[in-house]
Each structure stands twice: as C-alpha cells, then as structure tokens.
Amino acid sequence: MSGFTTYLKSIKRSFKLKNFIMYFILAFVIILFGTLNSVTGLKRSTVTLLEQMSYSMIMALSLSLVVGFLGELSLGHAGFMSLGAFLGGYMQTYLYPSLTAGAPLLSLVLSMLIGGLIAAAFGFVIGLPALRLKGDYLAIVTLAFGEIVKVIFTNVKFYALDGRLLSTTVGVLKTGRYDQKSLFIIGFIVVLLTMIFIQNFIKSKHGNAVMAIRDNEIAARAMGVNVTFYKLLVFVISAFFAGLAGVLYSNASHNINAADFDYNYSINFLVMVVLGGMGNLNGSILAAALISFLNNKLQTILTGDMAGFKNLFYALILILIVIYNNAPKLRGFRAKYNLRNLFNFVKAKLTKLFTKKQPVPDPAAEVEYGADWDKIPTKIEMDALLSTDFTPDNTYVPDKADKPKEGGKE
Amino acid sequence: MIDIITTIINGLSLGGVYALIALGYTMVYGIAKMLNFAHGDIIMVGGFSIFVFFNMIGQPLLAVAAAIIVCIVVGLLTERFAYRPLRGASPLAVLITAIGVSYLLQSLAQIIFGAAPKKMSAFSDLGMLNIGELKVKIATLITLGVATVIMIALTLFINKTKVGKAMLAVSEDRGAAQLMGINVNFVIALTFAIGSALAAVAGASYILQNPTVNVSMGSMPGIKAFTAAVIGGIGSIPGAMLGGILLGLIETICNAIPGLSDYTIAIEFALLILILLVKPTGLLGKKRREKV
Amino acid sequence: MEETDITLNDPSLPDDEKAIGNDIVLRTENLGISFGGLKAASDVNLTIYKGQLYGLIGPNGAGKTTIFNLLTGVYKPTFGRFYLCGEDLTGFSQMAINRKGVARTFQNIRLFNNMSVIKNVLVSLSHLPEYKNTFFDAVFRTPRHYKVEKAMRHRAKEILEIFGLLEERNGLASNLPYGKQRKLEIARALASNPKLLLLDEPAAGMNPQETEELMETIRFVRDKFDVTILLIEHDMKLVSGICEEITVLNFGQVLAQGQVKDVLADPEVIKAYLGG
C-alpha cells in the first residue's frame, strides 16, 4: 500500500489554500442551502437566484478558460449555451417519460451530458477557425457563430417525435423541468465539479501548454507545444461546459426563448470574467455570483429605461478594469495600488496588531498562474530599453530601423 | 424585370450605407490596428443627433451637419480616453474596451432617450420617383449619390493629400512613420474623426431607408459593415466599398426571396466565416506575415 | 581564456571530431526560400558535425534569421532539403522539428512573459517521452500525474540551477533582468533535449562583460548538454572567440565558409562588411 501513501502524500503536498478554498466555499453553500431548503424551505425568489448563479458560474468558468488562459475572445458563448439548452432540453423531454418515473435525476444528468457533448462538437467546429485566426478575427467568427445559432433556433418549430407541436411560438421551446426546489443543489454540485475539472486541467503540464500559447504562440510552437491539439481541446472543453450550463438553464426557466441567447448575453459573461480577473478562476466564480445577484435584484429596481444604468455599470467595469490592468502608462500606478498590496498591507497591520511581529514574506511562494497583466515589470533595465523595441513612451514599435529586416521584406 | 431592377437599386443603396460604415472600420483597423467595436454605435449617436437637431431646427441638412460634428466629438473622446491609454497593450484588452465603449454609448442613449424607437418619417419621407413603371424612393437615390461622392472624395483625399499619405504611411509601419516625423497620435485621431463623420452620414442614410431611431440601431449594421470590410479585405479602402456594395446586394436579394428572408443574417455571417477561413485577406486585402 | 581560444580555433579540431564521432548533425542541401519571387536565401549548404560550435554571420538582411526559420519549420523551404542526423526534416512542422531535436532562441526575446520562470522551462520539458501524462491523468489527478509533475519539476530545477536562475524560479519571466531573460531562453530551449541548438543573436544588447559571461555559458552548455550549436551573431569578438567554423551569408547566399581565421581574412567578406 506504499504506492497509495505516496499518492496521498503528493495530494497533500500539492494542497494550496488558494486553489482549494473555492471547493470549500462551494461545498459549504451546497450544504447550507441544501439544509435550509429541506428544513425551512427557501423563498421562490432565492431559489431562482441560486439557479441563475449556478449556470452563470459554469458559463464564467467556461469562458474564463478561453479568454483568461488561451487568450482568445469568444463572443458567441451564449450560442454554445443555446445549443445545450435547446438540444439538451429537447432530449430531456424524451428521456424523462421513457425512463422510469423514479429517475428524474438520471434524465437530467443524461441530458446535461448530451447537451454538453453536442455543444462540444460545435466547439470543435469553432476551434477549427481558431487554428488559422487570432484576436479580432476570431472574436468576430465566434460572434457570427452565436448569431447564426440564434437565427436558426428563432426560426425553428420544435415537434415531438409523434408530430405534436411542442410550442406554439417559433423559437420558443418548453423543456423538461427538474424538481424546482432542488435543481439549484444539482447546479452547485455541477459548478463544483466544473471548477475541479478546469482547475486540474489548468494546473498541469497541459495547462502550462495552453498558457504558453497565450503568451507567445510562436515560441510555443518552437518549443514543441502541439498548438492545434490544445486550441481545439480548450474550445471543446469550454463549449462542453457551456452546453451543460444551457441544460441547467432550460431546466430552470422551463420556457426557453432563442432570442435570449444573443450577443448581449455573451457579453454578460465576459463582464464576469473581466471583473473576476483574467485567468483567475476563483475570481470568475465570485464575479459570476455578484453579477447574477445584481442582474436579479436590479431587474425589479431598475425598470424600463432605467435598466440603462445597469448596462452603464457593466460598460464601466469593462472599460475601467481593462484600462487599469493593461494601460502601459499605468505600470507604476498598478505596482503601487493593487489588491495584493492592499491585502498584504491589511495582513501586516493585523499581524502586527495580534502578534507585534512583522510577517516574513515567503520567498518560495508560488506566483499567480493566471494572466497577471498587473505584473508587467515596473522597472525596465537600461539594457532592455536600448536593445528591445521600446520607444521612450513605452509604445511598442514592431521594427527598429537598425535591425535587420527578416522574412518577407528581405 | 422591374422588380429585379428595383431590388438592385435598393441593394446598391443599402450597399452604399454599409460601404460608408465599412470605410470607418477599415480605416481604423488599418491605421490604429484595432477593431473598433463601438463604431456601429457612433451611427446610433448620429441618428439621435439628427433626431434632436431636426426637431429643433427642422432643417434636414443642418441637422445632418450638426450630427457629423457630434459624432466627430464622440469619436475623438472615445479614442482619447478609452483607446489611446491602451496603445501598445494586448489586442485582447483593446477589443474588450471597445466592447465596453459600445455598451457605454448604448446605455447612455437608453438613459437619455429611452429604449422606445423614435419615429423620423418627417425626415425621410421624400416621395417617390417614377420613371415609367419603375418606382424608386428619392431617399434611396440620395443615399446612393451621397455614398458615391463620399467614396470618390475619400479616395482622392487619401491618395493625393499630404495628410492622406501620412495615414497610409502609419498603416504600413507605425514605427517607421514615427521616425519619419509623422505625428502618429494626430493621424490616428484624424482617422477616428473621419470614420465618425462617415458614420454620421451613414446614420442619416440609414434613417432615410428605415425611418426610426433607436438605441440598438447601430449594432447590426455595424457588425454587417464589419463583415463587408472583411469581405473586401480589411485595411483596404476600395475593398470596403466593394464589400459594402456586395453585402448590400446579397442582403436585398436574400430578403426578396421568400423562404430565405428569415435566414438573411445567418447567410451573411456564414459568408463572413467562410471568407475568413478561405481567404482571410478578403478580396482586395494585402497579406501580412507575422515576423519571427 | 586565451588558451581555450587557441584550442578551439585549432584547424585540426573538426577533423579530430570527424575521426571520433563521424557524425553529421545538420546538413543542408541547396536550402533556399523565395518570397514572391524575391530570393531571401538560396543555395545554402551547411555541414555541421556533432559537438561543433558553428557561427552564421553576415550583414543586416543577409538572411541569417531566415535560415533559422527554415531550419525550425517557421517557413517551408522553396528549394533544397535539410537533414538532422541523416533524417530528412524538410517540410516538417515546427512542433515536429522541435521534437526531432532542434531547439532555438529568438532574436527579440520571446519568453512566456505571464508565466513563472520555472513554467517556461516546464513547457518545453512537457512533451519529452519520459514525462508522458495524458489530459485525463491531469483532470482526474491519477498517481501518474503527481509522479510526472514531480519529475518534471525536479528536472526543471536542475536546468535552472545550471543557469543560475533557481532563486528566481517562481517570479514572472518578464520580471527578470535582460541578461537573465536571454539565459532563460537558452535554458528553455535546452530543456527540450535538442541535438541541435540554434541561438539567434544571443549577445544582442549585452555589454562586453555580459558577453564574456555568455561565451562561457555557451561553451559550458555545449559540453554539459552534449549538444551541437549553431549561432547567429554580430559580435565578432564572440564569434571569433567561440566558433570553430563559420559561414558568411550575404544577400541570402553563402559568401564564404570554413575556419574562422581564414574566413575573416577573406577579402570578399571584408568587402561585404565594410563596403555594404
């Protein structure tokens, strides 16, 4: 059994609070609300909010994988979700009666897998352009994909196998529905599993390969990284979880409308990823919870045209956070004023308060694995300044005049 | 036969609108190397400006002129405060910010004007022109004429004036242009100003064809015009015109065929994906090689 | 210092090596490429023996980096072929060429900037056959995952230690000073266990003292990692100091080839450099 003890030891050694804390929080949420639900019962509005949170969290994790780790923008994630919601939901209406009445959970799980796999197949198809295109072009392809899915579903009438029309309105489908009191518990369990899956993937040599592609695709290729495989893999995994979230969505809302899965809905998830911090899975989950909460609460407070304030808020989140994290001129500012410094400051104060001893910073502490765009070097060595392609105002210049022109221009 | 001619004239006119918007995309993309997602929303800003000024002064041409000024100001403000700080940052960051700006403009318009569409029939009702059996809206002809004049003027401006050549130089190699003493910031700001002015004109043309103004009026034409720019080859000015006209014709023809009209947008986007995959440089674009 | 120079420049050395190993690591046969009719490189014939330190020099725009790009699969050759240890690699992908045993550094440093120093090395270790560990191993955290990750980490630390980067292993690659970034690039390239290492202007932007240090490192690397090195360099001191043989390129063609001393005395070469 020594092999097993080594295994346990390795798990213990790889334990880091930062990576595991979200598992505990999610487990706590599941147990807390699960208990409350069965003991006192939860308000309908609370259950709805928790359902919304669960599928939003899965979507945020799924999008975070593409945006934060692969470094590509997907503007069509609602399209993957829509595929899961419609096709997975459609399957569920068959599975439910055909399985015995005692197995609604089985039909939910099966339809989630089917919805996820269908979306994953489309993720593979969208991953193919990603092999040739990057950045803006790829973003537009994903946007176009999302719109195509929307247009097709808004024009489709869904028939049951016996020829009965499932919904009278075009583009709307009444789907199966899991027990509305406990769906959110399933939802959060799926969030937990998604988080474990994606985090295990990212924190492995495969995750390193994906981040290497993000940081420098040319160097990644030269170092033997299988760029084709990893790009497709990321799109397939991401689409799988988006499709799975779609099935949860269809179970939560019962009546799904294709027009809801539009560009704006995709942007909603992008706001979560940006707010949570690029490449920060914990942050994505927290931001998803916060944004779902705001969406849910502001819906009743900001009615009519006042809803514009909500979008204004999201727009400001996108603009300000991205500028703060990326503006070349804010390097010094970022180094001075950031959450990590604030956290360390508070920690130092607290430690001082309780122990009267300065905390010793751990030199071997592992750095953040994500795209820490706030950690761009604050001080540029003189040599670097002279020899790399920076002009005095730190704007990037592709070619210095005295460097040899290589490649096509030679 | 008459139907076909009418469809083609409508298609050309719609294509003219797309071409005007696509020019803005393609110029900004060529010179600032960014996809200005908010460009479509500048059309909306232009639309609402026309709505406000037309109701105030009742003079369509003056209203359009005022709208052009408003759009230029908004375009320059977004460039200065949202995009310029990110010059030299990763393209992903710039793209997300542009999406944020697009959202910002839409939400501000919704807060100020409300989400309900505003009727503009007084502005766009110019009557019909009858040539024998052929009936064409005068608005359509005006759009076609204005788009043609602007495209010719812009081509001359880019190729014949000193500033235009500076723009070409910056789009070719920003670093080298800077070393040659070209004020890159000025050229990029000018590009945004021209693009925004074109968007205002496109907004006016759009209202001439669809006599309402609303908050999201710019999004779809914006994305479609981007499609047009890609079809023509992004960064290429004649390409944007060609792509715009082609897309306008495709859209009008698809809309005229009964079974197909529901799927027009899907067809246009499928075309976009296809072109990006098969020939990412578009019809008239130049190939760029990434340096190693 | 002087002594090593002399021995390394000893004309008899390559012959000795031929006698010992008789191994040709890299051979190119009329290698060339044209971009839209413009020949960026043509008829380049190189023969590099095992353990050699080989220099590729030439004026700006002579096509040196183009040759590197051809040898690493960034560009596909329009003419000619090239062989690594006798195996024809012409037309292979960049990934395949790296896995066959060619690794490189870049003229403008291309590190994985938002990743830690050790992860930069881990990336190029990860496809070696001894660290096989599938996607499912990682997701389901099988014992093999832990075993492989531990072994990889151990190896990465070894390599970093050799380059004096062990202390900084958990810092971001972009936070390293310039000289160390160059070192990390070499370390990363070596981690993939290459037979042939291509260094593209390793001394660019370094001061004389750093260059001196770099020369030591390059020699050390050749001996320690048992690797053959082909390098592009402008710094003549470095080239004459460590290279055994060189090839001079001009306008994409070979101008001169052979022992360093002979080549640098060649009037054609002097003309190309001074007369431009």
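A, B and C label the chains in the order they appear, each numbered from 1.
In this section, a contact is a pair of C-beta atoms (placed from the backbone, for glycine too) under 8 Å apart; a residue touches a chain by one contact, two chains touch by 3 or more.
For clarity, every value in this text was computed on a predicted model and none was experimentally measured.
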{"item": "Closest chain to the centre of mass proxy, which here is the mean CA position", "value": "A"}
{"item": "Chain at maximum distance from chain B, centres defined as averaged CA atoms", "value": "C"}
{"item": "Cα-centroid distance, chain A relative to chain B, in whole angstrom", "value": "32"}
{"item": "Intercentroid distance (Cα basis), chain C paired with chain A, Å", "value": "39"}
{"item": "Approximate Å spacing (C-alpha centroids) for the pair chain B, chain C", "value": "48"}
{"item": "Multi-chain contact sites of chain C, meaning residues that touch two or more partners", "value": "65, 69, 74, 106"}
{"item": "Residues of chain A touching at least two other chains", "value": "218, 373, 389, 406-408"}
{"item": "Multi-chain contact sites of chain B, meaning residues that touch two or more partners", "value": "292"}
{"item": "Touch list for chain A against partner chain B, complex", "value": "67, 71-73, 75, 128-129, 132-133, 135-137, 139-141, 143-145, 147-148, 151-152, 155, 218, 263, 267, 270, 274, 304-312, 314-319, 322-323, 325-330, 373, 389, 391, 394-401, 406-408"}
{"item": "Chain C contact footprint on chain A (complex, rising order)", "value": "3, 6-7, 10-11, 14, 197, 200-201, 204-209, 211-212, 214-216, 218-227, 233, 279, 364-367, 369-373, 375-377, 381, 383-384, 386-389, 402-408, 410"}
{"item": "Touching residues (chain side chain C, partner chain A) in the complex", "value": "35-36, 38, 40, 60-66, 69, 72, 74-75, 93-95, 98-99, 103-104, 106-116, 119, 122-127, 131, 133, 135, 137-141, 143, 145-150, 152, 170-172, 174-175, 177-179, 181, 188-189, 192, 204-207, 252"}
{"item": "Complex contacts: residues of chain B adjacent to chain A", "value": "29, 34-35, 82, 85-93, 95-97, 99-104, 106-111, 114-115, 173-176, 178-179, 219, 223, 226-227, 230, 262-263, 265-266, 269-270, 272-273, 276-277, 280, 289-292"}
